[in-house]
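The structure under discussion appears below in the form of structure tokens.
Just so it is clear, A, B, C and D label the chains in written order, and each chain counts residues from 1 on its own.
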Amino acid sequence: MKRYFREISVTLALGLVLLGLAGFAPAFYQPQPLLSLATREAPTLVVACGMVLVIICRQIDISVGSQFSVCSVCAALLAARGWPLAMVVPASAALGALLGAVNGVLVAGLRLPSIVVTLATMVTLRQGLNLVRQGAFVNLPDSVQWFGLSQAAGQWTLVGAALALLVAFGLAMRHLAAGRWVYAVGTDAEAARLAGIRPQLVTFLVFVLLGALTGLAATMNLVQSPQVQPMVGAGLELKVIAAVVVGGVAISGGRGNLWGAFAGLLLLACVSPALTHLHIEAYWEKAIQGAIILLAVVADGVRQRKQKF
Amino acid sequence: MAAASPTPSPLLSLRRAAKSYGGVRALRGVDFDLRAGEVHALLGENGAGKSTLIKIITGAHRPDAGEITVAGRTLDGLTPALAQQLGIACIYQSPALFPDLTVAENIGLRLEPAGAMRRVDWGARHRRAAQLLQQVGASIAPAAEVRTLSMPEQQLVEIACAIGAGARIVVMDEPTASLTQREQERLFTVVRELRAAGVGVIYISHRLEEIFALADRVTVLRDGQSVGTHGLNEVTEAGLIKLMVGREVAQIYPPAESAPGEPVLTLRGVGCAASGVHGVSFEVRAGEIFGVAGLVGAGRTELARILFGLTPADAGEITLNRERLAPRSPPEAVARGIAYVPEDRRRHGVVLEMPIAQNMTMAVHRRLFPGGWLRGAAEQGLARDFIRDLAIKTAGPDAPGGSLSGGNQQKVSLARWLATQPRLLILDEPTQGVDVGAKSEIHRIIRQLAKDGLAVIMISSDLPEVLGMSDRIGVMRGGTLTAVLPGGSPAAAVMAAALGQNERPDPA
Amino acid sequence: KLMITMMPKAKGNAYFITCKVGADKAAKELGVELLFDGPTDSNAAKQNEIVENWITLGVDVITVAAENKEGLSTALRKAQKQGIKVITYDADALPDARSFFVNQATPQGIAWGLLDEAARLCGSEGEFAIITATLTAGNQREWLKLIDERLAAKYPKMKLVAVRPSDDLKDKAQSEATALMSANPNLKVIVAICTPGTPGAAEAVKQAGKVGQVKVIGLGLPNENKRYVHEGVTESVMLWNTSDLGYLTVYAAVALARDELKPGAKTFQAGSLGSFEIRGDNILLGQPFIFNKGNIDQFDF
Amino acid sequence: MNASGSHSAGWKSVVLRYETLLFVVLVAEWFFFYHYGTTTNRRGTVVGFGTLDRQFDILRHSCEIGLLALALTPVILTAGIDLSVGSLLGLCAILFGKLWHDGGLSIPAAAALTLVAGALGGGLNATLITRLRLPPLIVTLGTYSLFRGLAEAITHGAVTYTDFPAGFLFFGQERWLGLPTQAWLFALVAAAIWLLVHRTTWGRAFRTIGFSPEGARYAGLPVERRVAQVYVLAGLIAALAALIYTARLGQAKADAGTGYELFAITAVVLGGTSIFGGRGSVTGTLLGVAAIAVLKNGLACLPVVIRLNAAEEMSGLLTGALLLLALTGSVLPKLWSSFRSRHRRT
């Protein structure tokens, strides 16, 4: 119980917000808009799954936004050339994995600090994309929309896929040896090495996995609209990291889980629609989001302080 | 070289092993072998290369030269994983555990097979952990997070891992350094059981009496070279010491000389709810060494942390030189003339990345650098003086603290606090992991300080040390001071107080 | 060879990319060199730096779409001091910081045009909402102000329920529109006053299954909106011919550099586009154009 | 050069070498752009990188990011990070504009209050980090949103404060004793930070905390106070940067300084300061700022790049690449020696 304090408190906070909305803005609960909201957040959730792994492994990746953009544009170009989606999706995931592998090699292979490495790749990828594409949009063929399914089916597919990934990763992190290795490496890489785990390999693989998930998420976003803007992933990294951290994944590695991150993501995702529903002016949004992040960590800090001394 | 047991081929042998760290030649061609069913002690001064040798055996470090043969197989690239497969288990000087994970998981990660896509059986993990912990006699919950355990408890977890691994070679690097008598006895039982089962045990310790009680053979290292392997029945304590340090060292405690003066520190009913300390009352006089004995977890370190302002007291009254003292932070305590040499020197005692000189001046910034401006010459001078006075083995004042061996790090930590010219010196396990030569050196220094009028509190789990050095002995149990005995009290009396009046020391 | 520069508010914006098409055409006809550079996101500080770059480079004319009236004016004045001619287009700077402003449409024309169209769609009563680019963008604020004034004066039964920013991102516009619809079930019209906002809002309406119930209008490029206009999600989009805007701007710039265009002139000849009216120091492109189901397929930009 | 800043003879020479290397790169970069980026325009005037005006512009443009990089150097030395400096710059610019324009205060009074506000903003970070022992990355991620959000909330995102008096704009747009005015302020702050980090016990404490916060606590150093001071200082400098920014652009708007924190961190790390704390120097940071500024402005002067309309993208790309190169370069010797030792054995 004590161990999962943070996950529980975030879930409670989420519950409170949802309850408040039920009281003051019951219109929030309409199936179709909620499904739309879920669909919009599904790609973010997929990226968050990968980010949880990376942060538990005591690393961070701030280049996911740029990776997302690069994958989106490349996947869109392929789709525009007439590639079937069945090939575009794996191609995008593979490209993402490749970009993740670059980070992985630099972080795990050369033992460079991940925050700086991914800062560098973030800038490099983003500017490289701008240089090559000069900000041009890509128009997508009709067949790409919703995987060529009907809209409702497409939305359910996306939300279902994201949730399935969440559950799969959540279970794997708890019940697969590989998942526990990520925790072990994040807690103490040297101890992991002495226990026969290969920390560098694990670190490399979590970056690759995050990249692949980002590539996948890019296609999940792609099918939602007839056009792709190259700035599509801008700011995604902060959104995902904030959600993961609010959900109780410790930035110092080794602690936290996917369920908390999920709750954190839902909490932050609710802010913007909640403001609209409560008729609060838009210019408060950033301040409120910042306050939520701070409140979440402050609550944790106060509790730990009390507990320790 | 009489063989203690007639086994022909060794379990493990090492030929001409060499290893350098940058410029430091830690090992220069050591031969070593271990037979099945023996306890082979490894002995040597601080920095002689013992830890390095075992890091090679466990695959944690690759040797620069030489070869390792395990069970007749010559190994080229030994890795921790391979070593584990070959049945080599190790209990490091500082436990290599995962602090954020539970005890059960720590044990599981070490013992379970390698497959990455294997399903984790949590129930089996917990059952196994509970059983192994029971085997080493530790009362630790398998579901507890390791970060909440004390250092010796963590060591017991390590031992449980080694036993669970069914290792044929078990390496123990100073396992008793922070254990008290009772745990030590339990550990010995475990080691003897291992030996009886045909396991080869490599045992490193600075406590000679342990080695004589436990080991079959001993290899002595000096300056990275082996100076001989002997059966324990062929050597005497004095002979071993001479082998180690290359000279004679008297292992007697320097006598108390001066009569204690005015009370310097007085505690009345001091407690701190958060750290579980309560109702501690005693006083320490100028020129007196006040020893604090007790079992692991008795609260001695917690008491020191209260006095140093790390966990401020919330009950009782402390006076220092007749003035009220209530330090809320270490800087306050330092300003009042309190010095604390902590027990965990790698984490707290020295900053490993910083030069020795900077480590030594860390607590005297105000005095040494008036106005906050650094003065390189003053710093270097101070460092050189201490390196000379405490005979610290190092390349120079600019060498990083991490390049020193454990014992020398301890001396740097001591130097830092001596530089503050404190009124009250608190030593927590001052000679833990320190070789005999350096140990008697440190004892001499402590005694000299007391003679100069300093009040000293010396916390130690080394019973002979407490008995030999202290003018008075405080015994702690369950977070409070249960008895204050005169110096030179019999060991049995101290143990009785530490265990509680009704209990008798467990003979096992 | 004359060196003319053109700075968009944001380089990747489709609106400005179309502008560049016209500008390139004009530059080729006139035999001048055209540099087209700007920030990748709307950012006054970066615009400043680029202008300073151009000053030291010694270009002949600088044309800019100012992200913000005041932010760029100091740098532009500096350029003028060094003998570089300055023209603004799309979004003006302070009058003393440039010679002419190529005005694509008066703010009034845009704001009132959109509001009147919205009023027509909802029968002059009921709720509507606005999606803007960013809260800080200068021209957007101006339009909003004009909309507010006319709303109070002319359409008392219409209610503006919310103004939400889209950060010039289509995805964000879509999220905002989704939330707007569920928060305001009686919403009748969404007006997007930035080009990414219109397709974003249309997509949201389509996904929410409220086609016909909620109407979308706004500024937008024909190509981005064709699909929605045909599906009946978007009623109409309003825009001037952006390609012509670029073309006209370059023609004016060259004329200014060659001393063919002087303050006080009443008309201006721009190559194949013919004659334009000059009102004060504003060169007027003409009235905004409304694209709807009937005519949208005739345009390709 | 910085005897007290380095840790051992060997280590000192490494820093020296890295900084020297960076300096050489900087000089080479400068001459490259001087050669290829200076041209004569149609009117016969020399234009481009080689002009004095251009050099002054480089100085002018790098002052704000340079100040933030200076502010971040002590922070990163303590193994902390401050993502909120860019947002705080924006908030301070808005506060300054509001105090002066709406509050009717004189420019000096408004500026003084803005500095106080900056220190308070830093103080919020400091309180959360030291009192509650929260990781700086997260705290400042929160205040990154919060400060920017407050700036937007105060102005409703819309108000832009302008028409500042010439006497104030002097600090951002004019020259004093031959150099851009703000360059003098920058030099002053740089000198102060250099002394603080390399010549005082404060700087020593920052490093100690960076290497081992627990070790520093047990050594009796006032860890909390020092860490708090570092963040307050960062807030103060961010406020100063806000004033200079406002004076340079002549306007205060809620989006001021967006993304500056990343440039500043890049400069600090490029300058050889370890993100893990303890190691680094102010000289390195200054060189890092200069290397990025010269690269950015130099590229904007290269005819080839100008014709590609890609100065912005190219400079971003090359900065990222340079950072990766510097990072990789710093570990190559270690990799090489471990590679060699592996091969010697077999």
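Note that a residue touches a chain if its C-beta (ideal position, glycine included) is under 8 Å from a C-beta of that chain, and two chains touch if they have at least 3 such contacts.
All values reported here derive from a predicted model rather than from experimental measurement.
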TODO: Give the chains in contact with both subunit A and subunit B, ordered by label.
DONE: D
TODO: Would you mind checking which pair of chains has the most C-beta pairs in contact?
DONE: A-D
- [ ] Can you check how far apart subunit B and subunit D are, centre to centre, with Cα atoms defining each centre and the answer in Å?
- [x] 45
Task: Inter-centroid spacing, subunit D versus subunit A (mean Cα positions, whole Å) - done: 29
Task: Centre-to-centre distance between subunit C and subunit B (centres being mean Cα positions), rounded to whole Å - done: 74
TODO: Compute the distance, rounded to whole Å, between the mean C-alpha positions of subunit C and subunit D.
DONE: 35
Open item on the list: Two-or-more-chain contact residues of subunit B, please, as numbers and ranges.
Closed with: none
- [ ] Note the residues in subunit A that touch 2 or more other chains, in rising order.
- [x] 130, 134, 282-283
Task: Multi-chain contact residues (two or more partners), subunit D - done: 152, 155-157, 309-310, 312-313
Task: Inter-chain touch pairs (all) - done: A-B, A-C, A-D, B-D, C-D
- [ ] Going by the contact rule at the top, pick out the subunit B residues touching subunit A in the complex.
- [x] 58, 60, 80-81, 84, 90, 92, 96-101, 105, 108-110, 112, 114-120, 122, 145, 274-275, 311
- [ ] Sort out for me which residues of subunit C touch subunit A in the complex.
- [x] 10-14, 17, 40-41, 135, 161-165, 169-171, 174-176, 178-185, 196, 199, 203-204, 206-209, 223-224, 227
TODO: Would you tell me which residues of subunit C are touching subunit D in their complex?
DONE: 1-3, 11, 35-37, 39-40, 43-46, 48-50, 52-53, 55-60, 68-71, 73-74, 83, 134-136, 138, 141, 165
Task: Interfacial residue positions of subunit D with respect to subunit B in the complex - done: 3-4, 7-9, 11, 199-205, 207-208, 211-212, 214-222, 224, 278, 341-342, 344-346
Task: Residue numbers on subunit B that touch subunit D, as the complex places them - done: 62-65, 76, 310, 329-331, 333-334, 340, 342, 347-355, 358, 362-363, 365-366, 369, 372-374, 376, 398-400, 416
